[in-house]
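The letters A, B, C, D, E, F, G and H name the chains in turn, as written, and every chain counts its residues from 1.
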Amino acid sequence: MRLSVYLAGEIHTDWRDAVIAACEGLEIDWSGPVTDHAASDDCGVEIFGAEEDKFWHDRKGASLNAIRIRTGIERCDVLVVCFGEKYKQWNAAFDAGYAAALGKSIIVLQPPEHDHALKEVDAAASAVARTPEQVARALRYVTTAKL
Amino acid sequence: MRLSVYLAGEIHTDWRDAVIAACEGLEIDWSGPVTDHAASDDCGVEIFGAEEDKFWHDRKGASLNAIRIRTGIERCDVLVVCFGEKYKQWNAAFDAGYAAALGKSIIVLQPPEHDHALKEVDAAASAVARTPEQVARALRYVTTAKL
Amino acid sequence: MRLSVYLAGEIHTDWRDAVIAACEGLEIDWSGPVTDHAASDDCGVEIFGAEEDKFWHDRKGASLNAIRIRTGIERCDVLVVCFGEKYKQWNAAFDAGYAAALGKSIIVLQPPEHDHALKEVDAAASAVARTPEQVARALRYVTTAKL
Amino acid sequence: MRLSVYLAGEIHTDWRDAVIAACEGLEIDWSGPVTDHAASDDCGVEIFGAEEDKFWHDRKGASLNAIRIRTGIERCDVLVVCFGEKYKQWNAAFDAGYAAALGKSIIVLQPPEHDHALKEVDAAASAVARTPEQVARALRYVTTAKL
Amino acid sequence: MRLSVYLAGEIHTDWRDAVIAACEGLEIDWSGPVTDHAASDDCGVEIFGAEEDKFWHDRKGASLNAIRIRTGIERCDVLVVCFGEKYKQWNAAFDAGYAAALGKSIIVLQPPEHDHALKEVDAAASAVARTPEQVARALRYVTTAKL
Amino acid sequence: MRLSVYLAGEIHTDWRDAVIAACEGLEIDWSGPVTDHAASDDCGVEIFGAEEDKFWHDRKGASLNAIRIRTGIERCDVLVVCFGEKYKQWNAAFDAGYAAALGKSIIVLQPPEHDHALKEVDAAASAVARTPEQVARALRYVTTAKL
Amino acid sequence: MRLSVYLAGEIHTDWRDAVIAACEGLEIDWSGPVTDHAASDDCGVEIFGAEEDKFWHDRKGASLNAIRIRTGIERCDVLVVCFGEKYKQWNAAFDAGYAAALGKSIIVLQPPEHDHALKEVDAAASAVARTPEQVARALRYVTTAKL
Amino acid sequence: MRLSVYLAGEIHTDWRDAVIAACEGLEIDWSGPVTDHAASDDCGVEIFGAEEDKFWHDRKGASLNAIRIRTGIERCDVLVVCFGEKYKQWNAAFDAGYAAALGKSIIVLQPPEHDHALKEVDAAASAVARTPEQVARALRYVTTAKL
């Protein structure tokens, strides 16, 4: 079974590369947000012109990034969302909620210390993984039907 | 007409192979659940870690399997669901209900002794077949427009 | 919070009465299938004329009953489905699948011996209860926000 | 215009009371999650039985709370979501994402220090408020068409 | 169970009155098209101005009538459609198709001589009745759960 | 038939009052945008704080007004949209497109000189009226089934 | 623009061949019902076993044919429906209604003598054609953007 | 990320060519309306026969053009809509509203003098561009994830 997988959340570690590498050979179409932090923050003003107010600076960027994010989530079969150690990561949880309302399957990648704080997200998910390798094994099982 | 067909239910006989073999040459994209009973039961704990409580052992597996099942049902044009002789097979009826709510066409494969117990499922179906060959003939007719 | 609750499945015990009685005073609109077994089986031929073939006798009844069942499920916020001791109960699982595809919240009422056979249904549910009182307590909590 | 408003997020301050009080006299139907933190955390095991593993303890509670939360969000016209000073509040962002995917109007109530971290949520919202009074004024304007 | 029922088709006999009379006392909200043939044909040009070309005369009327028809069908739980002895009645079949695509329950009222010509419509219906009394009995059964 | 009608477009003449007055006694629930031009333009900055840049001043207002507009359009059965003599009125056409995509019935109120420019909007509408009285007569016919 | 076109209705003349021939070279994916009248009537009993009652004989065939018909209509961008000289053709009108409810574009091919009887179907259509060549020209214009 | 982009609005300048040229090499599937003004105006009567009344002349053309327009909008991920200097351009705003209701991402291309008149359209958009080059840069960023 060919799958379309969106990799949401955390953009400061290489978990996406680890998942993708561990899924080599599988029929998976990957998508995800822009992971270059600076580009993601400044894309709006870079393209459409500077803003004095940081609030609108951020708005222009977030609105532009949303085109890629929503298109990716709407097309995917499975959203994998990783919650890392740093930052508020509200956009990761927002993406998970967005995917849940669309009926997408969700796999959450999280360290145990986040378990209580993520219980609502986890309850909407098909699986909670601790490592990129677990995510990859799950995707391998779903696509190949083999453990 | 190219068709996408999901083969649901019964995983202890070779009815899927029989249907697929009898449809050779047709433009059909097949999908279905994991049919290795042990893998299907244990996939959750194998990948994400053991559970002491059998209830959660089962939950982890069923949640993971649901990714493949729902993706397959949502993509299909026709769900063929087979009710066999053994087990409760509530998941087969659940899948049929899920497909019905999505407006999918359903073909039920069932022995006559199940007719009364399956009357609600049959009433939501496009056809009730007694043999894999009948299923295949129906799919051949739908895809080729020839009896 | 006013809730609309559909009580699906098992029609040979008084679990519906027990749930409704234990929810007295709550703002809940109840619905459910026809629970008179004979009427449910024969309604089709009684109203629209006899059938020689038991298969079509059943079809006429099941199709008519489906009007009430689907209307009820489509309107509900929560589907409570009870799996009892007897019969195949495929219609109960079918209704649960139908509700799941519509995004309804599901509470399953089942004895522990059905746990393994119902794992796919349970994985799509918000809660698994063992007694009508637990179902009622859950509904009370959801509607009143008080334990 | 009568409105249905869901008050999501933050349960440790009295912002809900402040909004509701400031909207007195308006035709607004309010809903929201269970705001008793202990009840919210323990409802699952209280009603359906204890769990040794905290992870499943949390799952049972979160799954039950989700019935109320999703029913409320699906019914609402406007979701107001408040991000407070404490906790991870991923469920608040998750609810906002869920509402966004359903096409609901969103008003975010947040302190300026969260502006950058909430830029993706804000970009999906109709308004960003700093105080409960601003939220109330906005709701008053929408329902009465008067500033 | 309160039902919303749309009475489609045939406007030259009193079958609607017969159904409604036989359902007295039931919780049913009735709707249907304009049944005054002349008004139905001429409403468009009467209100918005004459047309020289009969084709556009008809278009203006049919477009206006469609507001009432579609609103009624979209709101209903059950569409009862009667095929009479005269006229082409393509609008009746069109309304049935429209209702079927929306997932509405359909009851067809038809004389036996139309059985073969209506087989596709009947296959999408929950019941085929021969008399208004049968329609009423079916609706009584669905709303009261009693034969 | 009770109707919900949204009155979109033109806010500088009294066409809404004329339609509503001419519909006196009909079962119609009316809704529409804020028609106080100044309030509509300034609501965003009035409530949430001033903006130096007129572009964001406008954005804040338009986003807030959209809550009322979208809620009204999503609830309505019929959208009546009036194109007047002045201003660009792109929001009127935008609302009509929004309603069309939701499958709402549309009645356009326009002077003949706009016919060519509005041909795409008109082609998506159920009727094109020249006066508020014609709109009212059409609504009267739809709700009462009488010319 | 590549188009998917479903050719519904009339199966006793060669209008489908005429349309397809006149569209040679265009990027159009064609679909349609089984046009072999005998196969279409008898497919159900041929595959799944004979029925004594003609009513159920027809039902079995119509239900099986519906798989192909609904799959085709749901996939298409444009439904072309032809109303010929003979038969009741209620299935043609039913298919048009089904397509209309799904928001598909409809082109009706009909002789002028059917204009009044088809006014409701025409009012839901994008165009009314008199000849297969007109249908082909319209499809050519839509796909190539050239008259 | 491969994107499907619909270019709506303004057909009297070469902005479409400018955007497409500046996007050379990107994985974008382009669509848009017929941009030959004369063909667009007269296609209906050219193909289906002349009309005396200009109103119906326009209706026939607009209805036929709508097949291409709606198919394109429904398939796209991003609708770019350009508001030029001339004409009423209500169809451009109508298309934007249609896309907004379907949840499509929207980029508006407009001169600053239209800012106030377009504020409602802009508030539903992901970005407001001033030049075709900005549109192209945004699409490049979304598809390649690089500034």
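Rule of thumb we're sticking to: contacts are C-beta pairs under 8 Å (C-beta built on N, C-alpha and C of every residue); 3 or more make two chains touch, one makes a residue touch a chain.
Small disclaimer: the values here were computed from a predicted structure and weren't measured.
Student: Treat touching chains as neighbours and tell me the shortest step distance from chain D to chain E.
Tutor: 2
Student: Using only Cα atoms, superpose chain A on chain E and state the rotation angle in degrees, rounded to the nearest 5.
Tutor: Value: 180 degrees, nearest 5.
Student: Please tell me the distance, in whole Å, between the geometric centres of chain A and chain G computed from their C-alpha atoms.
Tutor: 43
Student: Chain C to chain H: how many Å between their CA centres?
Tutor: Here chain C and chain H have centroids separated by 49 Å.
Student: What's the distance between the Cα centroids of chain C and chain D, rounded to whole Å?
Tutor: Here chain C and chain D have centroids separated by 31 Å.
Student: If you average the CA atoms of chain C and of chain G, how many Å lie between those two points?
Tutor: Comparing mean C-alpha positions, chain G is 40 Å from chain C.
Student: Multi-chain contacts in chain H: which residues touch at least two other chains?
Tutor: 63, 66, 103, 128
Student: Under the definition above, what is the set of chain F residues touching chain D in their complex?
Tutor: 31, 34-36, 39, 42-44, 46-49, 60, 63-64, 66-68, 70-72
Student: Could you pull out which chain G residues touch chain H in their complex?
Tutor: So the residues of chain G in touch with chain H come to 1, 3, 77-78, 103, 105, 125-130, 134, 137-138, 141-142, 145-147.
Student: Please name which positions on chain E make contact with chain G in the complex.
Tutor: 54-55, 58-59, 61-63, 65-66, 69, 83, 87-102, 114-124, 128
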